[in-house]
């Protein structure tokens, strides 16, 4: 029972965080800050949803597979974000920085 | 069935050795003892950073994006990679470029970048020296 | 109920993506959208209970075919579609609309989505579902039908894939011919210079 | 020396897992979703990742093109020869029931071999296609 | 309960789709595709529990992998421009030039 | 309302089919044409899979306690069709690459012009 409630909380919070992150990619002004919003949906939202599902699954093969998905996301999502940011910086996409605005 | 499983593992190992994939970098078994503590630490950081960025999304005018260089104390490639990926994992900071001893990061707020410059996270990353 | 809702929402996304694909002129963006299109269609296959198909579409559509299109883009070095010539969409649009109307008229007689009594689901499929496990000992009916009942068909498909591989090798395997040896490009170049 | 450490280390970590997963999909296809077609594509995706990160030439050293061509034809031949064997054992072409002591065993063995043939051909053809495209612009 | 989560994921996917269509830069689109892929993985994982078929998690796993490979391929095209050189080397040499 | 919901799949299939057809006939860029063909192809996949779906049916992997399964036959046909589809797409793209190498362009009208001017 407690596990059920816990997993529901995890799932709901994860879902809401995902939506907030997705709203973030529309509200932030430039690519680099949007990347942070993607980060929310990629990390905590994904972790919470997978955790909520794992609580439902209990100790089984399904939980192990969920753990594997988690490990893959844990390794690939920062790598993809880093590669994306570094590629963008290389191609000459300038980030909007706070200091620039002050100067103007 | 068991035979097929063993054959699969054998083929994988054969290919991986052909690709030169196995060394202390890709599968750092000697770090397993340090892993749980580090994992809990990074999870905690992720939660904190998430709450912060969620607040910023509610009020987008409060962001002050920064592009700063921070020092990387780790000597080995693996340690630097773990550090860079941990920074990227915590929302609010993204590592943009990694060179020999500095890491360029893009931070959503000034506070986040200052935290990293002080290097509180860097101390937590296990610095592994790989025997070559 | 929830499966119908997810189904409808995903289909709507799919339609939106398709429109976006034809409206974008930047080929790079088109390919990105096509990746999303594949991801969406694979999810839809999952929702429609076609696990093996979803598996294939996930690996093929989002992975291999996107990568192949990207390699082509790298080779043709043409990232923008030219649409400057007098654009007359009316004839194709009319053809497409009329064909579409005719097809929609045709669907009015089709049994509804998910109808268990539809002719397609009452014929040979029941035989497979009832007999696949006792006759082949393989619980995954799709694998049983693919490899055993319709093995001949699959042999043909494998031969087609092999032939396509050989054909690609014939087309692209050798060294590219030097551009000067080709009269057409020379012609083009002269026109460009003048 | 591949100097971007992040991509290199993550790729090194992932590639063996992808290969293992592809083989799991190949041999588990009887019981869950999966089979030769899917496994072949996933397997080739692992090698494509290797080619993307470490360069095309390194990937061609792992599986040289002539071996790929051999593998592609060997898959089709394996598939077809399973049918021929069942012909010799007195059944119809591609009727696997006679391959084992019982019908179920025969069918199982036949399906396994056929899926293996499919997997080999699909892996090899996908890699041939990728290598042909990627290597085209090479000076 | 799963219904709410799947709807939330669908909304997220819709917003990511909007960003992928709107652009404006190539990188925004790639980031949106990446987000879309992650959400697809999660949606399929949730669907596995709605329909009570844990086999589906295999498919989610494939997605997680393929999505990563796709993003790396896209970045290789954007940064290097071809597929036959080793991307890491070229990115780094470009960096050495600029520094 | 029920009628709309039960036929929505087919209408989207037709819509996608027409989008694919429109792309193929109205766009001059060869890569775009191939993408159009792919959209058309996917719409056909959906037609088959939609027809094979059974409401409240399970995926066709025999498990205990499940009575109603979806139709496995369309799955088999489409599964092979997808892989064959990518192989043929690769062939088409290879042709595009060769056309680019010999004509210097992948726009259809420019290619026609060159053919006539020779």
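All chains are identified by letter, namely A, B, C, D, E and F, in their written order; residue positions are counted from 1 within each chain.
Going forward, contacts are C-beta pairs under 8 Å (C-beta built on N, C-alpha and C of every residue); 3 or more make two chains touch, one makes a residue touch a chain.
This one's a predicted model, so the numbers in the text were calculated from it and none came from an experiment.
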Contacting subunit A as well as subunit C are chains D, E
Between C-F and C-E, the pair with more C-beta contacts: C-F
Chain whose Cα centroid lies nearest the overall Cα centroid: E
Top of the farthest list for subunit C, CA-centroid basis, is B
Hey, how far is the Cα centre of subunit A from the one of subunit D, in Å? 33
Could you put a whole-Å number on the gap between the CA centroids of subunit A and subunit E? 11
Subunit D and subunit F: spacing of chain centres that average the CA atoms, whole Å: 25
Per-residue overlap in subunit E, given as positions that touch at least 2 other chains: 2, 7, 30, 51, 53, 55-56, 58-59, 61-62, 65-69, 72-73, 82-83, 91, 95
Scan subunit D for residues touching two or more other chains and write them down. 4, 6-7, 10, 13-14, 25, 31-35, 37-38, 41-42, 45, 48, 54, 122, 125-126, 129, 132-134, 136-137
Hey, what residues on subunit C touch two or more of the other chains? 49, 51-52, 54-56, 59-60, 63-64, 67-68, 71-75, 139-140, 142, 146, 154, 161, 164-165, 168, 171-172, 176
For the complex, give me every residue of subunit C touching subunit F. 4, 7-8, 11-12, 14-15, 18-19, 21-22, 27, 30-31, 34, 37-38, 41, 44-45, 48-53, 56-57, 60-61, 64-65, 68-69, 71-73, 75-76, 78, 81-83, 85, 89, 92-93, 95-97, 99-100, 103-104, 107-108, 110, 112-116, 118, 120-121, 124-125, 128-129, 132-133, 139-142, 145-146, 150, 153-154, 157, 160-161, 164-165, 167-168, 171-172, 176-177, 179, 182-185, 187-189
Of subunit A, residues touching subunit D in the complex: 72, 75-76, 79, 82-83
Which part of subunit D faces subunit B closely enough to touch in the complex? 4-6, 9-10, 12-13, 15-16, 19-20, 23-24, 26-27, 50, 54, 62
Touch list for subunit E against partner subunit D, complex: 55-56, 58-59, 61-62, 65-66, 68-69, 72-73, 76, 82-89, 91-92
Given the complex, residues on subunit D that touch subunit C span 25, 29-35, 37-38, 41-42, 44-45, 48, 69, 72-73, 75-76, 79-80, 83, 93-94, 96, 103-105, 107-108, 110-111, 114-115, 117-118, 121-122, 124-126, 128-130, 132-134, 136-137
